[in-house]
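In the part that follows, the structures are each spelled out as structure tokens.
Below, subunit A partners subunit B and then partners subunit C, in two separate complexes.
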Partner chain A sequence: MAASRTTVIVDNGGNEIKATKLSASDVLSIKSDGKIPAPLCVPNALARPAKNAIQPPPDKVGKSRRPPKYLVGREILIAPDTSGMSFRRPIDHGFISLWDAQRDIWNSVFSKDKGVGISPSDIQSSSFVVTEQLGVPMHMRRAMDELVFESFGFHEYAPTPPQRLAALGAGRQTCVVLDSGFSFTTAVPVVNGMELPYCAKRLKVGGKLLTNYLRETITYRSWNMTDETSVVNAVKERLCYISMSYMRELAATKKGKGITKAYVLPDLTRSVFDPVGHVLQEGEETDGTEQLLKMNNERIAIPEILFSPSDIGLKQGGIAETIFQAVESCPEEVRADLYENIVLTGGNCLFRNFKERVDVELRPLVDSVYDVNTTLEESPTLTAINGGIRAVVEDSDSLKFVTKEVFSELGSDGILRELYGDEMETG
Partner chain B sequence: MKTKRKRGIYEVMTAKSKSWKNSRSLLTNEHYDMMSPSIATYVNIDAPPSMLPAKKYCDITGLPAKYMDPVTKIRFVSKEAFRKARDLPDHKVEEFLALRQAQIRIK
Partner chain C sequence: MPRQRLGTAGEEQVSRGKRKREVANRMKRVDFSAVEEARNRRLEALENDNYAAEQEALLLEGEEEYNPGIESEDEMAGRKRNSRPRKRKQRRRQRGQKDSRLDGLKTGIEKWNKPTQLAVEEENLSARPKSMVSLLQMVVSPSSRPPRYFCSTCGYSAPYTCTRCFTRFCSVRCNLVHQETRCLKFTV
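Here is the complex of A and B:
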């Protein structure tokens, strides 16, 4: 990659899209002071407000605007009323399936006023680094080429698995990356900066499944929350945690004591701005008119699914078993290194006790000759994008760029050959 | 060497209609049998089943369950939960069972 090019780096997550723009001068300044700029983080979704939702105030006095049909990216974050909002997510089971929605979101992410600020004429000469999950079907591989080169017209781009970038972001050459994200959880061994794709393991439990499961559980046990996904997601983030002694804590909840907490659901008849509600603090006064949601054993039962998916009928092992299976399918020479460097990233790592629980569950599985060492990244959701920034600054070999010339000459087949060698021709 | 470029899904889809296939139906169109086993595909990176037995929880309260109602197949922990289970209408029972993928499937 020519160092003089502007590079746009996008970590295209299922829930949140993390993006940043590095010009040649940015690269130089990162090289000199080592400070990585904070990326832009917006929901990777188009949101349609409910019909009776409160509208945002108009920008200029006297100018009435028709409310937009869809909110994109940053507009969702500042929407005054999220209740009943329906989301249209381009990423379905980890892979982009709504390409027109993805194009709209990227347009907003690249734009000057709402995004990283790159003009269409600059895009022609820019590089693009985008995350693409392992095992992406060939249809979607081709569609990505077309979106990047035909709709946007980048000069070159590097579709890269987020786990490879996360390993770089954690500063490791050889490690296992456990990426527990929105769509699913993957354990991917990375050796010398490149992932071993045939050793990767995927567990079909992610943040989305947990939120949906909590929503169903609450709906069956107390309030009907079918349309209130954003509220349930907030409840999950604020009240759920991973229990270190699950059976004991579960037994304690039987008496209705212990971990029970109340959550105040949002009430739009009040003037207080509280779109997703809040946890009822101790000593907070209630006048009896609030709608309270009692969270009892759901607080620990929901994240428990990550560690024993068979509880809800999924025929897969938990996180610890997934890491174990991934490493055991690697060549024996690298296993010791891999067990010593387990990197935990992804939004689910933000649950309290996540690292401790992985430690406790993994140790009995692994042969005692190996040391097991896990590290939780400081901001687990940003590991991949930070790794992408680092890769661009260091001009790392782990980014394989393909150029528009190859695409216009040979099409997606040529790109496949550049990325994977001759193995992929039959795809 | 110039080969004929295939039309990709993005072109085909935008040209014909605005409806998009979901990822499930796209995955069924993949030719996994023609691919080298050394590359990761959607199907071959699935984590294998657990080595530990599944635990049983009460469908009504979420507590560890000792009993199962032979009529509704709902697991329950106490007398009260059993009464609740028997009071549920049929479609509700199905929904409860579907949460842990144990609903009765008619084939």
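Here is the complex of A and C:
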């Protein structure tokens, strides 16, 4: 890749897009001072406010503007009323399935006023790094080429597994990346900067499933929250945590030894500054008219699914077993290295006790000749994008660029050959 | 929904006996495969965004579906907001012509829209390059630990099983709630 090109890096997560633009001068300044710029983070969704939602104030004085039918990207973050908002997410089960929605969101991410700021004429000469999950169906593989080259017209692009970037972002050459994201959880062994695709394992539990399960539970037991995705998500993020000994703690909660906490549901007639509600603090006064949501065993039962999917009837091993199965399918000579370098990334790592629980569960599974060492990244959701920035700055081999010329001459088949072909010959 | 169909006003008198028979059949038919099916359906539902339900409701109301061409076109990076092209577009539409510029923009990317499940099912695995792993090869195998069972009503450890649908419950009280709400009386 020519270092003089502007590069746009996008970590296209199921819930959130992380994006950065690096011009040639940015690359130089990162090289000199090593400071990685904070990426732009926006929801990867189109949102439709409820019919009776409070409208945002008109953005320009004197200009009456029809409220937009769909909010895109950053607009969702600043929307005043998220109640009853419905989302249209381009990513379904971890892969892009609504390409027109994805195009519109990227448009907003690239735009000057709401995004990283790259003009259409600059795009023609820019490089693009985008994350693409392992095991992508061929249909999506081809559609991605179409979107990047036909709809946007980038000069070249590198679809890269986010786990490869995360390994770079964590500064490891050889490691297992456990990426527990919004759509699913994967464990991918990375050896010398490249992943071993045939040893990767995928568990069908992600943040979205947890949120939906919490919603189902709350709706069944207390309040009807079917439409309140953002509130349920906030409850999950603020109150749920991973129990270190689940059965014991569960029994204790039954006796009323308490982890019970109350959550004040939002009430927009009272305050518009609290759109998703808040945890009831100790000593906070209530006048009895607030809607209170009592969270008891749900606090530990929801994230427990990550470690024991069989609790909801999903016949797969938990996170520890995902790592175990991934490493055990690797050649024996790299296993010791892999067990010593387990990198935990993805939004679910933000649950309290995540790392401790992985340690506790993994140790008894793994042969005692190996040391087990896990590291939790400082900001687990940004590991992949930071790795992407590093890869661009260091002009790393881990990014395989394919150019528009190849696409216009040979189409998607040519791209496929460039991306996977040479590996095919060596085995 | 069988209940609705059978419950329509005119038929009620005639079909009472029939209804009994149908319900009885349905209750008899809840076997293990039906339970399995219901569980899978529930797991699949946990992957849903609210969008699917929303769209259904929209269609019922007769509103138009999401059409990115008109609104988001202005939002294209670098494109100025002015009224001229819109007028041109309107005129063209009136004349029944297609807006070629809009078509070029769309590049038919929405023709690639496809649910992931479907794309995975339709995939011809032999056509994949060797070094490209497929999803089926990445599945985590079942846990080596025995499954634990929790009450479907309250979430605590559940020693008992519903005789009709194999769902777990912990006490008589929870079982009553379960039978009134979740028990698979009418599924299949």
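The rule we apply is simple: the second predicted complex is superposed on the first by the 418 of 427 C-alpha atoms of A that agree within 3 Å, B and C clash if a C-alpha of one lies under 4 Å from a C-alpha of the other, contacts with A are read in each partner's own complex, and residues count from 1 in each chain.
In the analysis below, a residue touches a chain if its C-beta (ideal position, glycine included) is under 8 Å from a C-beta of that chain, and two chains touch if they have at least 3 such contacts.
Because the structure is predicted, anything quoted here is derived from the model rather than measured.
Superimposing the complexes on subunit A yields a three-chain arrangement in which subunit B and subunit C clash. In the superposition on chain A, contact of A:Leu410 is made with subunit B only, not with subunit C. With both complexes placed on chain A, subunit A has more residues touched by C than by the other of subunit B and subunit C. In the superposition on chain A, contact is made by A:Asp145 with subunit B only, not with subunit C. Of the two partner chains placed by superposition, subunit B and subunit C are both touched by A:Ser97. In the superposed model, A:Ser111 makes contact with subunit C only, not with subunit B. Shared-chain residue A:Arg248: touches no atom of subunit B or subunit C.
Within the superposed three-chain model, A:Ser310 lies in touch with subunit B and with subunit C [touch as defined at top]. In the superposition on chain A, contact is made by A:Leu209 with subunit C only, not with subunit B. Of the two partner chains placed by the overlay, neither subunit B nor subunit C lies in contact with A:Lys400. Judged by the touch definition given at the top, the superposed model places A:Arg363 against neither subunit B nor subunit C. Residue overlap on subunit A between its contacts with subunit B in one complex and with subunit C in the other: 92-95, 97-100, 134-140, 142-143, 146-147, 150, 186, 197-198, 200-203, 213, 216-217, 220-221, 247, 250-251, 254, 297-298, 301, 308-318, 321-322, 325, 420, 423-424. Considering their complex, residues 92-95, 97-100, 134-140, 142-143, 145-147, 150, 186-187, 197-198, 200-204, 213, 216-217, 220-221, 247, 250-251, 253-254, 296-298, 301, 308-318, 321-322, 325, 409-414, 420, 423-424, 426-427 of subunit A touch subunit B. The part of subunit C that touches subunit A in the complex is made up of residues 39, 42-43, 45-51, 54, 66, 68, 71-72, 75-78, 105-107, 109-110, 112-117, 119-120, 122-124, 127-135, 137-145, 147-148, 150, 153-157, 181-182.
By the touch rule above, subunit A contacts subunit C in their complex via residues 46, 48, 68-70, 72, 86-89, 92-95, 97-101, 103-104, 107-108, 110-112, 115, 118-121, 123, 134-140, 142-143, 146-147, 150-151, 186, 197-198, 200-203, 208-209, 212-213, 216-217, 220-221, 226-227, 229, 247, 250-251, 254, 297-298, 301, 308-318, 321-322, 325, 416-417, 420-421, 423-424. Against subunit A, the residues of subunit B that register as touching in their complex are 2-3, 5-6, 8-11, 13-14, 18, 20-24, 26-27, 29-31, 34-55, 57, 60-64, 95-96, 99-102.
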